[in-house]
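Both complexes shown next keep chain A, but they swap its partner, so chain B is in the first and chain C is in the second.
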Partner chain A sequence: MNEKKRKLYIDPRTKLLLLVTIAMFVMGGIGGSRMLPCTIVLCFIPLFLLLIQREWKNSIIYVLLYGLGCGMQIMLIPIAEGILGMLLLTVCVVVTRILPGVMMGRYVIRTTKVSEFVAGMEKMHVTNKITIPLSVLFRFFPTIIEEYSAINDAMKMRDIRLGGKKALQMLEYRLIPMITCSVKIGEELSAAALTRGLGAPVKRTNICKIGFGVTDYCIFTICMIIYVFWITGFV
Partner chain B sequence: MIVFEDVSFKYAQNTEENSLVKYSMHIKKGECVLVCGPSGCGKSTVIRMVNGLIPHYYEGKMTGNVKINGKTVADEELYDMAKLVGTVFQNPRTQFFNVDTTSELVFGCENMGLKKEEILSRLDSVADKAAVHKLMDRNIFKLSGGEKQKIACASVMTSGPDIIVLDEPSSNLDYSAIVDLERMIEMWKNEGKTILIAEHRLAYCMKYADKVIIMNHGKKLKELGKEEFCRFSDDELHEMGLRSLKNTDSRRMSIYSDTRNKMVMNNLRFGYDKKNKILDFDKIEIPAGEIVALVGANGVGKTTFLRCLCGMEKRCKAVLQYGMKHYNAKQRMKLMYLVMQDVNHQLFAEDVLDEVLISMADENEEKAMEILKMLDLEEVAQRHPVSLSGGQKQRVAVASAIAAEREILLFDEPTSGLDYGHMIQVAKLLKGLKEFGKTVIVVTHDAELIENCCTAVINLEALKNVNNK
Partner chain C sequence: MNLNKENKLNGKDLINIGIYSAIYCVLVFVAAMLGCIPIFMPLLSVIIPLFGGIPYMLFLTKVKKFGMILIMTILIEIMMLLTGMGYFPLLIGFFAGLGAELVYKSGKYQNLFKGIISHGVFSIWVLGNYVLLCLNPDSYFATRQNLGEEYINALKGYTPMWIFPVLLVVCMVFGIVGGYLGKALLKKHFRKAGIA
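Up next is the complex of A and B:
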């Protein structure tokens, strides 16, 4: 969850639907070129959400990267030749396909509370065996980011960086402390959660309110139109 | 209420030594008991036996019997123990399951499956009692150590257990946060809770403790009433590996160094966002060649100051005047070395020797071994840094700084959570560095460390106030 107040409330289930839809059509490219108008609509959704969160810098980066990717594709397809051309083209395709999904995922992680997510999963009658590990993941992401930046700082101080000495071993050096710290954190986190009664065989209460609002219905409609359009393609 | 009968325990991964040997204790309802002793004496093991993590989570060989309210802990499930015993842990970074504070406060109640109305009313009353209204609905990752520990205490309260155990809760706290913790304990005591605290820092516990248990090597050395315990002199305490009973506020300490040799940070202005500047100084003078303690309350910007000083914050445009030269951020990075609070972040290599070698401009094994010898690390040269003790890890980090020929060494809270013996070791290390011609700058709350080795004190808070006028 972001420290700034959330500007717009979206139900965790809606976010999940959006994530799945973007993953299917933008990343997976299901439905082929016929779905192009739909994928464009879907690519605009993360931008829209970023703007609502007032993340100006990230919005601009997103637009630039995505635009660059698309533009390069259009320009390159007719002239791409040889290995270099193909390589460049591949990079462009990967950027345009993966970027919207990554942005959406980042939005979901940043704006969803762990307990909201759990509540959403419970409403969908997903078993605890899936919900609890996934919710731990939510908690783990910011931790990993914290660890990563601390290790990064330590690397800079030791003059181990790209172009510095031992650049090749950089990955290994980064991974070792990361793993040591993560294991320790994971162990302590589980111990703490267990002393607070996680895993009791009673029905868990959840005090956070989740529910659908106007925004959710709008997103539903957009997604439904896309799915219907996709299915009618088979007929 | 809490009964230990001849309990022994050996952790599964520790084959050599028993962590607890024939340990017995009786704690009555409503009592507040302090368990103390040097690191590794078994006090954390005692805490883990009360909340059930031993034998349910940490595996090992256990004999004897632990009973809480007449129930044998080994026969109960952990989630049933959770209703009886609440735990506050040492590390505020790893005791929260949620990312936002409010969810964390009600987490225990939710797990018990209490009714929503009941939970909300408990939340209200706890927020009043623990004074955490300001902290509600915040991102836990953005809180200070003291605030996190407040949330940890309040979270325990919402579950409403009769017994509260605390495992070195003050390790990462400054003086004022400890005062807050003391107030929590007072409140619990007045509510009739049974409280068990394992601690190195004794002073803040003494007001409300009914008795003190001193441990060593898994055994109970002494069990004393509070009055009896308070009669110990500092020397007697130190002999048992314990910290002083004096509660000195490190912020009130002052040592002036009369050295002419100074380095000056000019134009030090820095903030993590544009609106509020944490640091805003025209210049700060730091005596060179000394062991300088940097004190001030949590959140005043001590760690940020260290980060700017060693050039880690590139956006900080301050210039350091040292000797005849001027250093910008990038140049300072080659002049200084920061030993982080969590040393694990800065040890990468496969063995200790390698760790030193990669820091050298030209790898020279002979010289590396010399450095290791100087720091008493010769014997562990071939071991993986991860397998070392906390103190050894700290020294390995120092070794790599010496190998990289850095002239100024910075330490961020090197003694947090350390017992007397280990604190003295750190003090010796710092003194050794000074003799070696290095300048040492250490951020600390630890008054005893300052008394033992520092030759100058800079109070960042006081400097800030002068600056504001």
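Up next is the complex of A and C:
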């Protein structure tokens, strides 16, 4: 994430707005089938951002998976029957619904530094009591998943898995180490943050310069059109 | 929030909130994956409170000041918003968090039994995800139209209107059961490991 690699700068606040909008309309499906054109527009935004980041591989995967999901749905809806058809259909829907959100979330986490995020939140006058835990939360997800997969490997070796000899202990032996590990890492993290003056009673300064540019205004306009379209649906 | 100096949340508390919320959210997401199968949708109100009890009870050992549980609930609801559950959970979650906070506060942040009850109250936030489904099923299913008739019919069969108060009770009861589970595991593992 060095400066050279960043092709296009987007304000963290804009990213947050995009994330919420995609979550509401694509993943949550608020507004029903009337919002379909808007959802399609929203689905293209993550692709656009990925291309700008030059993540060719991920963009191709995204297009393929999304296209496959959509195509399967159109083909399957008239002929899907029974439990198998239902399961297949569910998988397709889950893919088309969750994928744009996941890609967007991945993009946001990859391209936003924690201090940028904090700066953005400060500009929006969100209290520190929300900002600090929230940034810890986002910082922590990848760590937990990493720890979990390591624990998973260890437990597989001990034959503690689904259908193994000790299926009952499966959950306990995975959850407890995961929580213990996360708490230990968290303690170190908080010690590190305190050394850097997080607990100090003065107002923190931030060297990140954030501000709106042309791209931000474009994205804002798109989102506003979608929200207005949604609200007019009620009248 | 009116806080006097020594009761003020400091950086360490805030980081703790973030960590435990992250653990809780991971558990919730894993459980929520099961919601794809219709029968599991209402059952989520059993599964989430049950397993949520483990990180929650551990979290309570770190809670000594007013506002920590409330902030944790708000964070979880923000995550729900970001994963497409709509805006109702925020409302219900706020009150559930406030209730849980007050219950635990009444035990001066030390009483484990009050902590278990507090988890029961806290678990009500799960209901927020069902609000649309129960109170306005037609509009909810309109948003889920492309899941296919069979999924919708199956889900409709499991979630009639009267299930909402039932789910409320279920959430609270299993929240308390989950609290006991968490307490047992606290004793069995975390005390020994020296992190509780």
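The definition used in the following text is that the second predicted complex is superposed on the first by the 188 of 235 C-alpha atoms of A that agree within 3 Å, B and C clash if a C-alpha of one lies under 4 Å from a C-alpha of the other, contacts with A are read in each partner's own complex, and residues count from 1 in each chain.
To be clear about the criterion, a residue touches a chain if its C-beta (ideal position, glycine included) is under 8 Å from a C-beta of that chain, and two chains touch if they have at least 3 such contacts.
It should be emphasised that the depicted structure is a prediction, and the values quoted were computed from it without experimental measurement.
Asker: Does chain B (first) or chain C (second) touch A:Pro142, or do both, or does neither?
Answerer: Touch status of A:Pro142: first partner only.
Asker: After the superposition on A, what does A:Ile176 contact: first (chain B), second (chain C), both or neither?
Answerer: In the superposition, A:Ile176 contacts both chain B and chain C.
Asker: What is the contact status of A:Leu64 with respect to chain B (first) and chain C (second): first, second, both, or neither?
Answerer: Neither: A:Leu64 stays clear of chain B and chain C.
Asker: Contact-wise, after the overlay, does A:Met75 reach chain B, chain C, both or neither (first, second, both, neither)?
Answerer: neither
Asker: Applying the touch criterion given at the start, work out whether A:Cys208 contacts chain B, chain C, both or neither, answering first, second, both or neither.
Answerer: A:Cys208 contacts chain B only, not chain C.
Asker: Based on the superposed arrangement, let me know which partner A:Leu198 touches: chain B (first), chain C (second), both, or neither?
Answerer: both
Asker: Which partner chains sit in contact with A:Gly101 here, chain B, chain C, both or neither? Use first/second/both/neither.
Answerer: A:Gly101: touches chain C, not chain B.
Asker: A:Glu188 in the overlay: touching chain B, chain C, both, or neither? Say first, second, both or neither.
Answerer: So A:Glu188 only meets chain B here.
Asker: For A:Leu19 in the superposed arrangement: first (chain B), second (chain C), both or neither?
Answerer: In the superposition, A:Leu19 touches chain C alone.
Asker: State which residues of chain A lie in both footprints, the one left by chain B and the one left by chain C.
Answerer: Overlap of chain B and chain C footprints on chain A: residues 136, 139, 172, 176, 180, 184, 189-190, 193-194, 198-199.
Asker: Taking the touch rule as given, give the residues of chain B at its contact with chain A in the complex, in rising order.
Answerer: 51-53, 56-58, 77-83, 85-87, 89, 91, 93-100, 103, 106-116, 119-120, 123, 138-139, 141-142, 155, 159, 307, 310, 312, 333-334, 337-338, 340, 342, 344-349, 358-359, 386, 400, 404
Asker: So in the complex, which bits of chain C are touching chain A?
Answerer: Contact set of chain C toward chain A: 9-12, 14-19, 21-23, 25-27, 36-37, 51, 54-55, 58, 67, 71-72, 74-75, 78-79, 81-87, 139, 142-148, 150-151, 154, 185, 189-190, 193, 195.
Asker: So in the complex, which bits of chain A are touching chain B?
Answerer: Result: residues 1-3, 113-115, 136, 138-139, 142-143, 146-147, 150-151, 153-160, 165-166, 172-174, 176-177, 180-181, 184-185, 188-208 of chain A touch chain B.
Asker: Can you list the chain A residues touching chain C in their complex?
Answerer: Touch list, chain A to chain C: 19-20, 23-24, 26-33, 73, 77, 80-81, 85-86, 89-91, 93-94, 97, 101, 105, 128-130, 132-137, 139-141, 144-145, 148, 171-172, 175-176, 178-180, 182-184, 186, 189-190, 193-194, 198-199.
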